Structure formats: C-alpha cells, structure tokens
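Shared chain: chain A. Partners: chain B in the first complex, chain C in the second.
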Partner chain A sequence: MSSIITSDVIVKVAKLARINIPTEKVDQFASQLEPILEHFESLSKVDTTNVVPTYQTTGLNTILREDIIDTERMFTQSEALSNAPQSSNGYFVTSATIKK
Partner chain B sequence: MLLDKSISELSAGLRSGEFTSVDLVNECYDNIEKYNSLTNAFITIVTREEALKKAQDVKLTSPLSGLPFALKDCFATTGVRTTAASKVLENFIPPYSATIYKKLLDAGAILIGKANMDAWGHGGSSENTDFGPVKNPWDITRVAGGSGGGPAVAVATRMAVFAIGEDTGGSIRNPAGWTNTTGLKVTYGRVSRYGAIAYASSFDTVGPVAKSVEDCAIVLETIAGVDKYDATSSPVSVPAYSSLLNLDLSNVTIGIPKEFYGDGLDPEIKEAVLKVSTDLQTAGATIKEISMPLFDLCLPVYYLIAPSETSSNLARYDGVRYGTGRDNFTDETIRRILIGTYALSAGYYDAYYKKAQQVRTLFIEEYKKALSQCDVLLQPIMPNIPPKFGELLSDPLQNLLADIYTVSQNPVGVPSLAIPCGFTKNNLPIGAQIVGKMFSEELLLALGHQYQKLTDYHTQKPQL
Partner chain C sequence: MKITPIIGLEVHVELKTKSKMFCGCDAEHFHTEPNTHTCPVCLGLPGALPVPNKKACEWCIKLGLALGCTINEETFFERKNYFYPDLAKSYQISQLQKPFCINGKLEDVRINRVHQEEDTGKSVHVNGETLLDFNRSGVPLVEIVSEPDIKSPEDAKTYLLKIQQIVRYLGISDADIEKGSMRCEPTINLCIDDEFYTPLVEIKNVASLTGVMTAIQYEIDRQAEQYSQDKITKNSTNKTTRGWDADKQQTFLQREKEGSADYRYFPEPDIPPIIFSKEQVEAIRATLPEMPEAKIAKYKTLGLSDYDSNLLSEDSYFSSIFDKIITDSDSVYAKFVANLLIGPLKTIEITIDKINPEYFKNLFDNKDQLSSSAIKQLVLESYDKQVDPLILAKQQNLFQVSDTNKLEEIAKDVIANNPKAVADYQKNPMSIGFLVGQVMKSSGGSANPQVAKEVLEKLLVLN
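Take a look at the complex of A and B:
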C-alpha cells in the first residue's frame, strides 16, 4: 500500500513546525494522519479551473489607521517581560541560535 | 432560582430592588461549589470575594450590569490567567484585555471565571484539554461538546448568567446543542476578535452562549461592532437586536438542505430537527426542500484550511516571551500543526491549501444559491448524541467527521444560531441550527425567539 504520509514526511514536517516528536511516536502520527489525508483526496476530483481562491470573507480591503502611536495599547517594559520564563536586564533570554 | 430568570427579568429585578447583584453572584458561586467539581467547567475561578466586591459597587447602567458571566478561556483578561486550556499557557497572565471583555466590563457585567475548552479550540468534545475533560451535566459519563464545553456547561448549570464563546468550526454550536443551551455563531467580523487567542484567523468568530435567544440578542448588542484593534471587524451598523425579535412567520421561508439529513444522522436527532420546521410551518412559515450538493466537501475544506492557519498562529508559542514552549502541545494539537504545515509546505501547497481555498469559493457560491431560494437554512448540529469519554479521541478521523454539520459555515462566514429542539428517549439534549445570509443575525434571532415562544425545550435544565 502506498502511503501519502510516511514516517519520513512526519519527521520533515515536524522539523519545519519546530515540534519535537519522540522517535517511538513518529509511526503513530503517520498512521493517524494517513486516513485523514486520504479523506482529503476527495477535493482533487473537484474541477476548480479558473476558480479564484478565497482567503477571507470580510469584503473589506486595506484597512488603514493613522500612523500615530497608540499609548492605550503600549506595554511598559516590565509588562512586556511579565510572562517571560527568563529575562535579564530588561531583555528576554533565549537559547543561542547560532553556533560559536 | 434567580439564575433561571432571563437577562431582561434579572435586569428588571435589579432595578426594582427585588434582589441585588450580590444575590446573583452568591447564587453563581453556590452553584459553582455544587456543580463545578462534577462538570469541570472552569479552569480559573475568580474569587467570590473579588466578584462580590464588584457586585457591591456596581452601577446599573446597562441591561448586563451586575450580571455574572463566564468567558471561554481563550480571551485575554488583564491579571486573570488565560490558558486556552493548554499547558503551554498554564501560567500566562495577560497584560491586556480582549475587546469583548472590556466591553462587558464597561457594561457592568461581572467576570466569575474562565471556562474549560479543547486546547486552542482543537476539538469537539472538550477532552483535548490539559485541565481535565468537561462533563455533560445531562449525563456526566458523556462529553459536553467542544471546543466550548465549559462556557455551555456554566450556563446550563446556572454557574453564570451567560457566557462568551468562540466558534471556528462549531465550538459554540456543538456544546450548545449537547447541553441544551442557546448559542450564536456570528457573521465573520460581527464581533471583534482582538484579544482572542487565534485558532484559524479567517474562520474565528466570537459570540454569546445563554439560556435563550432573547438573552443572546441582548449580549450580542453589547459585544458587536467595529473595533480599531481588529482590522477584520465589520463597520456594518449593529441593530438593536433585542428590540427586533417580533417576526411575522408568514414572511419566512425555511430551506431544508436534503444532504444534511442523509446517512450518518441519528434518526432521533433527524426527527427532532425536522420537527422544528413543522412547528414553524404550523405557525405560518414556508418550508422548502433544497439541495447543497457540495456538502460532503466541507470537511476537507475545513480540515485543510483551519490546520494551515493554526500551524501559522501557533508558531508564536516559542516559550521565550511567554508560555512553556512547544513540547507541551497535546497530540491532537500536534496532528493539526502537522497537517497544516504539510498542506502549506513546498510541493503540496497547490494540491492542498490552494485547492481548499478554491473549493471554499465554490462553497460561498453554494450558500449564496441556497439562501437565494429561502431566507434561512435549518440544519442539524451534531450527527450523534454526546459520546462517552474517549470514544472520539481514540479515532482521530472519526473525531473530525463528527464536525460535518458545523464546519461548512465558517469558511463561508455566514451566521448560525444553535437552539435546543428536543431530547432523546434517554433525556439527552438535541439542538438544531438556523443559518442565514451574512449579517442576518437580526432575522436568525427573531426566528429563534419565535420558536422559543412556541416551545419550552430551552427552559429545561439538567438535574445534577
């Protein structure tokens, strides 16, 4: 049986989504997603030639606001940091993203 | 019980001095003490003392003044923990408030708690929560529906006068139907989403859950309207819904889309939902059978676009600025992130994401055509009675298929009113939904109100 979602696909997509999936659970996710993706195949039978995709339904376009600072919606530095798991000297602390 | 009264009765009673806001708040907390441990409807409860203090100081400036309410735990509330039912946000205290919360506070309403839900809105049973599942007060061995199980149960068990939910693919309507409450999924843009934790941004809507259509109308009047902080909120003016509930049914044509009543729909539910049309017909309405042949495609459209949007929205939870990081997502949330990331990734985008957005366009045309032949559509909410715990979660595909009747409206944007319409022989609630054109809330609420004048299902409450 050919599968749409192989374990390799799960590993690749999880990496793109920055999700750590334990090795022993990769096959489980693959087998759970397979029937779901199969179900989606029904869309391929629909003729959508020249059909414009819809990305939003508001009917609104380019909503602009004045280019001024809204002080009602500003955080103080301590408010902005109030939920940070780790902060230092008024900064968020992150793990290093580049190698030395 | 005071909490059995309608919002207009409560509002009048507060003004005449028959009872006070303190009495209402105390009754809510007495019910919370009795019923919350049985149902697990709340994640965070404001202390009684704090709520009582607000009740003592309240000024009666609006119909909602002095009334205790619950928010689904996906709305930012300054200083009150907001979790989206996920361990990722288990300690998150927002430094700002959602627009609807501000509006309700300005109206003098009193927050008593943040209600349980499926994490991030991902689910239809309120089992995908890191705070324990919500139990259905009509049978605590069964789910309450989701994702907004908590708000619906809070209203059904009189732990709050009304609640606010968020509906992305049925999250207000599904639990309303399964708990015998009334809920409104509004037109996309009718109510501001600012401060609502996003699931799928182009589907998310914010709306009321209450004991009756009339109560929903009063709450909607308060929370609807354009918001400068939500560029997708609509400038369409807000009617005085609660004073526009009179309706001559002889002017209303109700469409019955036959595809919604096919195989897979529980016969007891089918009978109860169709009885809504015959009851309204007896009262003067016209019934018309119509066809919506694309119906079956709504699930793939919804379950490609919503996970795509959620995979993007949940990218922000990096555990750096707030939250505990990405290792704390549940399996159901991980599945949705994986599906969305897959559908958006290079090589699959055209076949999945873009294709779904094209079929979405066809759905919009399908609803336009259906609603040109009638004024509203009568549809079931759920194909089955509320399942026992674990039944849906054990099979991820079945879990998605159960949403078939509630996921076609959100990609289109149209509003839908969920109303109680009967009980199974085992005394489990059945709900129906009435779907209308964009911004037809006025008609939906008036029609729902007329139905609730003819029936008393909505006045029944669970005996816990």
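Take a look at the complex of A and C:
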C-alpha cells in the first residue's frame, strides 16, 4: 500500500483537532498512523454490496418531546461548574480563543 | 475590469420555543445568570441523550413552507464535528443530507435549504481569557441557506428584511439582529470579466443590518483589489473565513475554512429518524397565516396605494388591526381607516382587543361634520376611553355647522362688523381668510370652514 499519511495530512488533522504537534514529531506520527490506517483498511475487503447502511438499530422513528421546560433535570450554577478546572463569576474559563 | 458580485446568505434564526432543542432546559438566555439553564445534554456530559423538541421541528417546517420549500418526509439529524470551546460536545447536532426543507424561493432568490440545528454557548473575551456561558447551548436554531443569487449589498438587505418579516409573521422568533436572535453570514466572491472567479470568502461576526451591507461592500472592494494584484482564482481549497471588525470597518482573515469533509458529518446515532407524513405537513401548512405578499395584494384591491399597503403589512400585528376593522372586501372606508392607522394611531401602542370597528365606521359616516384635527383627536380619545367617538364629539361640541342658513346669519354679522376686511377682500379675494376666521370664531369653532368660505363668497358677490 502506498503511503497515504503524508506530513501534510498530519499537520491538517492536528489543526482540525486543535492539537499542537512539534515539527520534528510530524514524521514520527505519520509513520505511526500509517499502520493503524492500514489495519482498518482491511475492513474495505468485506463485500457490502447487499448490506443496507445501519445508522440506527432500534427501529424507532420520530421520538420527539413536547416543548415543556423540565426544571427537574436542570443544574444549579454551582452544579454546572463543579467539574470545571477553572471558573469565574459563574462562567467556565478557558484560555483566549481570539487573538486581538 | 467588469466585476459581478456573487453573494449567498446563510441566515440563522433562533426559535423562541420555551425549552431547548434537545433537552427540557429553559431556552431563555438573554440577560440570564450564566450557566443557570443547563443540564447533562446541553453541557455535553457523557451518556446524556438528546430528544428533539417537537414544536421546533414543526416551526422549521412551517418556515420552509412559507418559503415555498419541498418538505422531506423522512429526515434525520447528523453530527457536525469541530473543536471549539463554546461547543461542549465537540459536535453540533445539525442536518446535512436530509434537512427538513429544500428548494424554496423568496422572490428572485432561490433557497437551497432550511434546516434544524442547535445554538452554541456564548463566549465573552476578557483579559486574555475566554468566559463561557452555556445557557444558549442547545437553543433551537434554524438555518436558511440561499443560493448565490444576490448581486449587491442592497439586495442582501432586502432579502434579510423579507426573511425577518416572514419569521415574525409566523411568530417563531423575534429575529432581532442586534440581539443576535437573527444572524447572517454572507459568502461572497466576484466574477471578473464574465470569466474568472475570485476565491470564496465567508464573513462572520456581522451584528447589524448596516453591518451586513458595509461588510459585503468592503469585501467586494477588497477582493477586486486583491484580484488585480495576484490574479488568484477560486478553487476547492482556498475558501476562507473573515471576521467583520465593526470598529475598523474592515474584514480580517480568521481561518482557512474547513471543507464539509473536515466536519466528518455522520448520522446522529442517538436520535432515530424523524417522519412527518404528508398529512402532518398539510396540517402545519394550514396554520400558516396570511403572508405579507398576500396582504399587500388584498390591500391594493381595497383601493389602497402601494405605499399604504406596504406600510400596513409591514408588521403582522399592525395589519391584523386593520383587518379587524376592515372586513369587507369592498369597504368604502378602507383608505380612511388606513390613514388613521398610519397616522395618529401609529404614535401609540395599540392592543387589538381594544379596537372597536364600530367606532371607525361612526367616524367615517360623520367625517363631513368633523374637522380633520377633530377626527385625529377623536380616534385617539375613543380608543383611550373606550367610548364612541360620536358621543365624545357631541360632548366637546366638535360637530361642524354646515347648515348654510345658520352660517349665513353669522356671516352677515361678520360682514357688517368688519368693513375694512370687506374692502380688502374686494381688492384682493385672497384675503378672505380673515373673514372665514371671524365666522369660525363667532360660531365657537364649530363652523365648517369650507362651507363658511362659500357662504361668505356668495354674500360678498351679492353685496
């Protein structure tokens, strides 16, 4: 199989996943990802000509709810923030997403 | 260089359902304490299961029907994956392959689709940190995607105002651009000399109607300038997203745009497909109110001008007031009522229940005995006090005397007592105003000025 994981692909996937990968590690990741993809590639050997795609297994449809506020399931502010590594004045805090 | 702008608009409208799209949290998020309307579903906690809001789905279909769309009988939700702090699940539940509504049209602009999705949380950027409030996370959002049929900033504005009007007529959203319950993302490129196409640019963060127009115009100019320098044309990978900086009045490069494949859409496994039968869709269609275009056409057949018809139909509540008063298709007093609504009544807040059609009919039937200022006063006062304007007119002695015999008597006195004014009139007929004023005064303001003038003219010729 020809190499499909080029360093460009690594850079792009890292960008989409918002992961910083140091330049010197790019080739290393590329060579590690290659066999993983090859492994999954074996799935494409299965003949699926007569198999209907399965997105759902329950056979249900149109499960909807009425437009009613359910306060029972709502969190208080402190419950909502209880697992946050950092919070302030009722907000979750992350490092800045916009550089200005 | 011949430049033809090609503009498509993605419009997001936040539905004003009581609860969120996929959970029962209160959907109110404007001026609320941060993170007080959340639950495991809208915070994206593991294992939480989304269940779609039926009313939101129906409203999305309703909007699609109002925009002339075909409704997909069977639809499903999909996951749109991307990483951003305001999206707690790291995917947004949206629709791609099978949206509720497709192939509509709004005047000259084709509508590609109207689909259902959910809003993200709200970010506040302060002091090198981003603060997140998830009260808005999961609020139902409808996206209306146009084809790139819009040719100018002005056309974009017209289109947006139409969408806003329709959404408000349907009563499914405030569609307030400044408040963010209606948002618009224009995608723009240029066709140069009917041959070359500049790279696509999507503009984000436009927060006002003027902003939409200015941002589009800025981007048209910027792309033309850019193209004349680098001659780079559109390809499948060079679409970019630019933010609108309202302070600097310019767009700035935000990111290279993810292609649809980068979002790795796939059918949402937690939500079974949704079927709205033809009968159900027809039942939703039956709830569509009379739309602005139909109203305008109806008003024109009543003999109203284009201007009046447009003004009356601008707002569905306002036009429903007119419709309550004028129920006959051949009403002779449509114009009279339109003038009152667009005039004095426009200045106050009106509750439709307090509108009594009978009062308007009575005013119309007696309009010849009332001055125009008296009519204005009476329409407001009768609304305010909920009393028949004719009773008020009688109480306040507002009926004009048009009885010529009675006015002749007064006019004779006025002529006898004002020889100088009479002499003036003989020299200059334009000066009759003074004498008319004297008749008005002697009658305690109740004389019909037109009739008084005629009586005076007649008497003065006989002299």
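Everything that follows uses one rule, which is that the second predicted complex is superposed on the first by the 80 of 100 C-alpha atoms of A that agree within 3 Å, B and C clash if a C-alpha of one lies under 4 Å from a C-alpha of the other, contacts with A are read in each partner's own complex, and residues count from 1 in each chain.
Just so we're on the same page, contacts are C-beta pairs under 8 Å (C-beta built on N, C-alpha and C of every residue); 3 or more make two chains touch, one makes a residue touch a chain.
Predicted, not measured: the structure shown is a model, and the values here were computed from it.
Chemist: Quick one: is A:V52 in contact with chain B, with chain C, with both, or with neither? Answer first, second, both or neither.
Modeler: In the superposition, A:V52 contacts chain B only.
Chemist: Taking the superposition on A as described, I'd like to know which of chain B and chain C A:H39 touches: first, second, both or neither.
Modeler: Once the two structures are laid over each other on A, A:H39 reaches chain B alone.
Chemist: Just chain B (first), just chain C (second), both, or neither: which does A:I68 touch?
Modeler: The second partner, chain C, only.
Chemist: On the A-aligned overlay, A:G90 touches which partner chain: chain B = first, chain C = second, or both, or neither?
Modeler: second
Chemist: Which of the two partners, first being chain B and second being chain C, lies in contact with A:F29: first, second, both, or neither?
Modeler: first
Chemist: Report for A:Q77: first if it touches chain B alone, second if chain C alone, otherwise both or neither.
Modeler: second
Chemist: Once chain A of both complexes is superposed, is A:L60 in touch with chain B (first), chain C (second), both, or neither?
Modeler: After superposition on chain A, A:L60 lies in contact with both partners, chain B and chain C.
Chemist: If we overlay the two complexes on their shared chain A, which of chain B and chain C does A:A17 touch? Say first, second, both or neither.
Modeler: both
Chemist: Which residues of chain A are in contact with chain B in one complex and with chain C in the other?
Modeler: Shared contact residues on chain A: 16-18, 55-56, 58, 60, 63, 65, 73, 75, 80, 92-94.
Chemist: Within their complex, state which residues of chain C touch chain A.
Modeler: Contact set of chain C toward chain A: 17-19, 23-26, 33-40, 43, 51-57, 74, 76, 82-85, 123-125, 128-134, 258, 262, 266-267, 269, 271-276.
Chemist: Can you tell me which positions in chain B touch chain A when the two form their complex?
Modeler: The contact residues of chain B facing chain A are 91-93, 95-96, 188-189, 202, 228-229, 231-232, 234-235, 296-297, 299-301, 303-304, 311, 315, 318-327, 329, 331, 334-335, 337-339, 341-342, 345, 351-352, 354-362, 364, 396-397, 400, 411-413, 438.
Chemist: Can you check the complex and tell me which residues of chain A touch chain B?
Modeler: Residue positions touching the partner: 5, 9-10, 13-14, 16-21, 29, 32-33, 35-37, 39-40, 42-44, 46, 48, 51-58, 60, 63, 65, 73, 75, 79-80, 82-85, 92-94.
Chemist: Residue numbers of chain A touching chain C in their complex, please.
Modeler: Listed in rising order, the residues of chain A that touch chain C are 16-18, 55-56, 58, 60-71, 73-77, 80-81, 88-98, 100.
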